[in-house]
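Just below sit the structures, each encoded as structure tokens.
The two complexes that follow have chain A in common; it is paired with chain B in the first and with chain C in the second.
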Partner chain A sequence: MASIEAAQAELENGGPMPRYSTNISRIVNSRLYQLTLGAAVASRAGRLALLAAVPLLWLAFLHIGPIYQMAKISFLTSYPLQHGRPASYTLANYAIFFSESIYFMPLIRSFVFSLASTAITLIVVFPVAYYVAKIVRPDWRSKALLLLLVPFWAGELIRTFSVIMLLANRGALNFLLRDIGLIDRPIPMLYTSFSLGFGLIYLICLYMLLPLYSAIDKIPKHLLDAAADLGAGPFTRFRRIVLPLSRDGIVSGCSLVFLTCIGVFATPMLLGGPTNVMFPETISGFFHGASDKWPVGAAFALIMLVSALTTAGIFMRLVGGKATKLM
Partner chain B sequence: MRAYFSDIPRTLLAMGYWAFMLYLLVPLTLMMAMSFKDANFIAFPIGDLTLRWYSQVLHDKQFLEACLYTIAIAVATTFAATVIGVWIAMLIAQSGSRWSGILFALACLPAVVPGMISAISLRVFISTIDMPTGTGAIVLGHTVHAVPFVVVMALTRLRSMPPNLVDAARDLGADSIVAFFRVTLPYLGPAIAGGMIFCVLLSVDDFVRTFFLGGYRPTLPMLIFAKVQGGMSPEINAMATLVLIVTAAVGLYAEYMTRRSRSR
Partner chain C sequence: MRDLTANRRTALRLLGGAAGALAAPYNIRPRPAWAQSNTLNITTYDKFLPAEFLDKFQKDTGIQVNIRLTDDQGKQYNLLAAEGANPSTDMVTVAGHRYTQFISSDLLAPLDTDKIKNWKNLNPAYQNAPWTRVNDKLWGLPILAGYEGLAINTSYVKDPQSWDVMFDPQYKGMTSYIVSDFMTIAMKYLGYDGDFVTYVDKREEAQKATNAARDFLIKHKDMVRKYYDAGSEVQQMFLNEDIYLAHSWSGPAAKLIAEGHPIRLSVPKEGTFGFCYTLNIVNHAPNAENAYKLLDAILASPEVGASMTRQSGFASTISGVPELLTDLERAANSLPQEQVERIVFFSSVNRDMKNEMIDKATAEVKAA
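== the complex of A and B ==
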């Protein structure tokens, strides 16, 4: 008893740390550890610094920093800055965006394609997610989901490239149509709006699947059974129960798909052809070569970021769900 | 009769599922099938079959170098993103409700910023801190992209952790560092493993950040992009098929692992 009290007293007086029986003890009891980390965690401020310093610095510098720098550059009259000359700020870079249709048309096109792709994806994927979450037998459920996820791992470029296989003039679809005698000469499908939309939907549809699946999966089955017992048909059950209860999934799925879609760079370049220039390609034009056009590019990027996030925000407000599970 | 009619929506949904499945798999299958074509151009029907594209790809020094470079970047990215992501998750889990909301939103910011904007803003950022484009910049960009996913996975697991585990460790004399490494970190194990594999796949797939932050050494997506733009031959198909098989295997394994750890 006395020895325990003595040990406790020793501990409270900042005596030697208790010994560990594992080989961690060699580190913890070493002089170096005691003087540095050990001393730091002994005080509340030290613990807080150890826990918070790196994350806060990372968040401030690398999550906000790039956006902040981009915003700052977008107001500069000239870039790169010369030493000794003060930076002067202007709105002219933003005015360039509105000056010519080759600048603002791609943004409109990006929005149209992204919104349409999001809507089509929602309509196509919703029944699939519902089927997997509610109708497939529970023991088959994860296999059915896994089967859908296989193409998910193929990556942006490989999926885009595989769409070319399907839609090219000498691709599979034209070959099939010609072989069964529907057409004489190939329909040019690649490098059109059709191939672009097809490729975008092919690229992003699985981002819709997981949020929808997890939302529909949470709907209690007895609600549907009760509604059916009370005489509600399939359509009423869908409209009054499934749709409202999967709202969170719809909101996060649509936001995710829309924001991904509008930022896709390689797919429009490979599938869209010269007539379907999307906004990311317009922006990238300012970042090739010398850096003196960066302010304009940064302004364009900021216009796109703000308009895309505003659109997603308005959508969330309108539908009223919470995008808690954006990933 | 009534039961028969009530099965109609169910059958339609099943057909929808398989049609969607077909839609997902047909282009990739065509892409893989074309890699066996015995000709210098891409066209259907495939006709004679050959394996020579594969042997050519496997002897292609540029391809092998791109593979190694991609893997090196992925490993560095995964390591950095896991350390920082778990650290941020620990901070969020231990801060008060008002701060944790703000911090979580900040941590998720790179995941909601469209890829193109993220790449451009990082390009501007590294030039303002005088960092050259190249391997370091690519790893930085990929890490910023991957951190939110690690944070979300680690945080989900942390929230399910009984708080008395750490308390017990502290009572037994462990300081908070030891308690973290001996109790919290092992508990986070499955989430970290899942997050790490996700980081690898994000990094291997990424094109737009690499395109704007990279130097002259191509990663796999950049190599494929350059080849597709330069003129197509079944060589690209063989290349893409190899990459696809490896990434799909890794992805499926990750999915299997996380599902197994969740059901346990």
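== the complex of A and C ==
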């Protein structure tokens, strides 16, 4: 203690500064710093509070902030607000959804399509994740994962346009089928439920792959070996060991894929046909339609957000139970 | 793995790094127009302002031009209205029939033609067209004109005379259109007023007409391959032969014709609507003087107009442009006189009622 007091006295007298020898030392030893940031980082609790402040600010401004703003707009009678006109609030924007049945159909369509896409993605991706996690040699696993991730280095739109080039009437697939003599007229594959589902699963399968890989990788191999020694066949080992122990991965993968699917906007616009109009497109119509309907669009967006989160929450609770981990 | 020890140095380093990351959006955000002096921020459609023209303008004047692309009048209006008195853009591209919406919301500044010394180079037909003036003031420089036409792939469809062909079962699943735009055509096709000019204070009559068109489009939904939004989409569908015929703005279809693709554009006997895009100076735009310099530069040479036509496919409003186009480019933008007479320019009368009813009916057609 005496040495600190001596050092402080030396500092006040303009003497040499302890420990630091740059300009930073002046800041660190200044009274303002000592009373503010210095005091905060002096204790472990203070340092943790400071570190927690950054992610909390991130969450508040970039996640909760926009949702709060959207919720606020959804109760306004009109938006953007005009100069000189005070804001007034209403529930009418929400009432529109419940009073006009035409808006149910795109929402129901979005839910059905997202649930189906999630189920198909799970079925398609599970064997791939299992193969990488359990069949591929351990020293090759990271390379195999890297190979699977390569397509995802390209942006969503680029991958969507690659699907268009693949499935169009003059696309690669139709040319191939024609060249090998299977067809003489192109098969209309683009702008159908097939093209939309194909494109969507291609875009989002990564969200299923990584949680599944993570969960399957943790399954001890000796459990599978022991089951095999005791006479359990491949299907029994899958049903009694692999499936229950990869439950966390299934739940988090399905939740991520479902929530991504239901909110996806550009892909259905580019790959979907006239019968595949999804709820996000309905919502966007309120934002860039000719008339000013931002509050209605915001209300519809909130309705979708709440219903999608509720569905995902129920699924996580039913399938995952209380102890489900997200990753 | 070594545990992270939250000592003072790591806490400060992490805090500093995170604060920098959080501050990044501030540094990369679009600067509001008021923060600049030697710049010009323009919101316009893709391929409207030629790159070589902008390069030359920047070189000649030292003004940095920043382009923000839009593909919809409604989006442009909503963004501008949201920014209020601090717009992040100095210029917008408004279709003439949307003037009243922008002007009544105080979003545009009237144009002072005395500041545009090349104003005389604007085709006289556009200098004093009635639609260009609202409240006795001029609100924009007309740059490109177009219409909503019937585009066909001539390899598969033979010279249709009526919009009937869009509902002909032999082309089932081979047609495409922008729902909101085609709704007005469908109203015209069914004998109603698709521009709502005659429905002022006749809400029930307008709703009945809109509902009839809506129900008609829903009934014939199986004819449609895709509802599109942007001109590039209909171009892509024609090139991929995913569709054989479409309702299309003249620009995207004319561009395909000028490039030699087997596409033809016509105005069927029931008629259609025309429109004109204008470049406008935003109210409270701090770089308004730079905007006037750009407008003057656009009118300085018909080469600029020719280049705009080549890029966008729409017809230029600048005098002397047709002489600079090739035969194919001219053909892409010309119609027989009888078809020209079938084009009625969109009116700005009763737009609010039209927007409200058409938007709702559009959502209903898509949802059905």
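Everything below uses one rule, namely that the second predicted complex is superposed on the first by the 235 of 327 C-alpha atoms of A that agree within 3 Å, B and C clash if a C-alpha of one lies under 4 Å from a C-alpha of the other, contacts with A are read in each partner's own complex, and residues count from 1 in each chain.
Operating definition for what follows: a residue touches a chain if its C-beta (ideal position, glycine included) is under 8 Å from a C-beta of that chain, and two chains touch if they have at least 3 such contacts.
Every value quoted in this text rests on a predicted model; they were computed, and no experiment measured them.
Peer 1: Using the touch definition from the top, say if A:162 reaches chain B (first), chain C (second), both or neither.
Peer 2: first
Peer 1: Should A:320 be classified as contacting the first partner (chain B), the second (chain C), both, or neither?
Peer 2: Neither: A:320 stays clear of chain B and chain C.
Peer 1: By the touch definition at the top of the document, which applies to A:44: first (chain B), second (chain C), both, or neither?
Peer 2: A:44: touches chain C, not chain B.
Peer 1: Is A:190 touching the first partner chain B, the second partner chain C, both, or neither of them?
Peer 2: A:190 contacts chain C only, not chain B.
Peer 1: On chain A, which partner's contacts cover more residues, chain B's or chain C's?
Peer 2: Touching more residues of chain A than the other partner does is B.
Peer 1: Quick check for you: in the superposed arrangement, does A:220 touch first (chain B), second (chain C), both or neither?
Peer 2: In the superposed model, A:220 contacts neither chain B nor chain C.
Peer 1: Answer with first, second, both or neither: which of chain B and chain C does A:170 touch in the superposed model?
Peer 2: both
Peer 1: Tell me the contact category for A:244 with respect to chain B and chain C: first, second, both or neither.
Peer 2: A:244 contacts neither chain B nor chain C.
Peer 1: Does chain B (first) or chain C (second) touch A:59, or do both, or does neither?
Peer 2: So A:59 only meets chain B here.
Peer 1: Would you mind listing the overlap between the chain B footprint and the chain C footprint on chain A?
Peer 2: Chain A residues touching both partners: 37, 41-42, 47, 50-51, 54-55, 58, 80, 164, 168, 170-171, 269, 287, 291, 294.
Peer 1: Once bound in the complex, which stretches of chain B touch chain A?
Peer 2: Against chain A, the touching part of chain B is residues 6, 9-10, 13-14, 16-17, 20-21, 23-28, 30-31, 34, 42-45, 84, 87-88, 90-91, 94, 103, 106-125, 127-128, 140, 144, 147-149, 152, 172-173, 175-178, 181-182, 201, 204-205, 207-208, 211-212, 221, 224-225, 228-229, 232, 236-237, 240, 243-244, 247-248, 250-252, 255-256, 259.
Peer 1: Using the touch definition from the top, list the residues of chain C that touch chain A in their complex.
Peer 2: 6-8, 11-12, 14-15, 18-19, 22, 72-75, 77-78, 81-82, 84-85, 101, 105-106, 173, 180, 221, 224-227, 229, 236, 239-242, 351-352, 354-356, 358-359, 362-364, 366-368
Peer 1: Any idea which chain A residues touch chain C in the complex?
Peer 2: 37, 41-42, 44, 47-48, 50-51, 54-55, 57-58, 61, 79-83, 102-103, 105-106, 164, 168-171, 186, 188, 190-191, 269, 272-275, 277, 281-282, 285, 287-294
Peer 1: In their complex, what parts of chain A are in touch with chain B?
Peer 2: For this pair, the touching residues of chain A are 11, 17-18, 20, 24, 28, 37-38, 41-42, 47, 50-52, 54-56, 58-59, 62-67, 69-70, 73, 80, 124-125, 127-128, 130-132, 135, 142, 144, 146-159, 161-166, 168, 170-172, 174-175, 202, 205-206, 234, 255, 259-260, 262-266, 269-270, 279-280, 283-284, 287, 291, 294, 297-298, 301, 304-305, 308-309, 312, 326-327.
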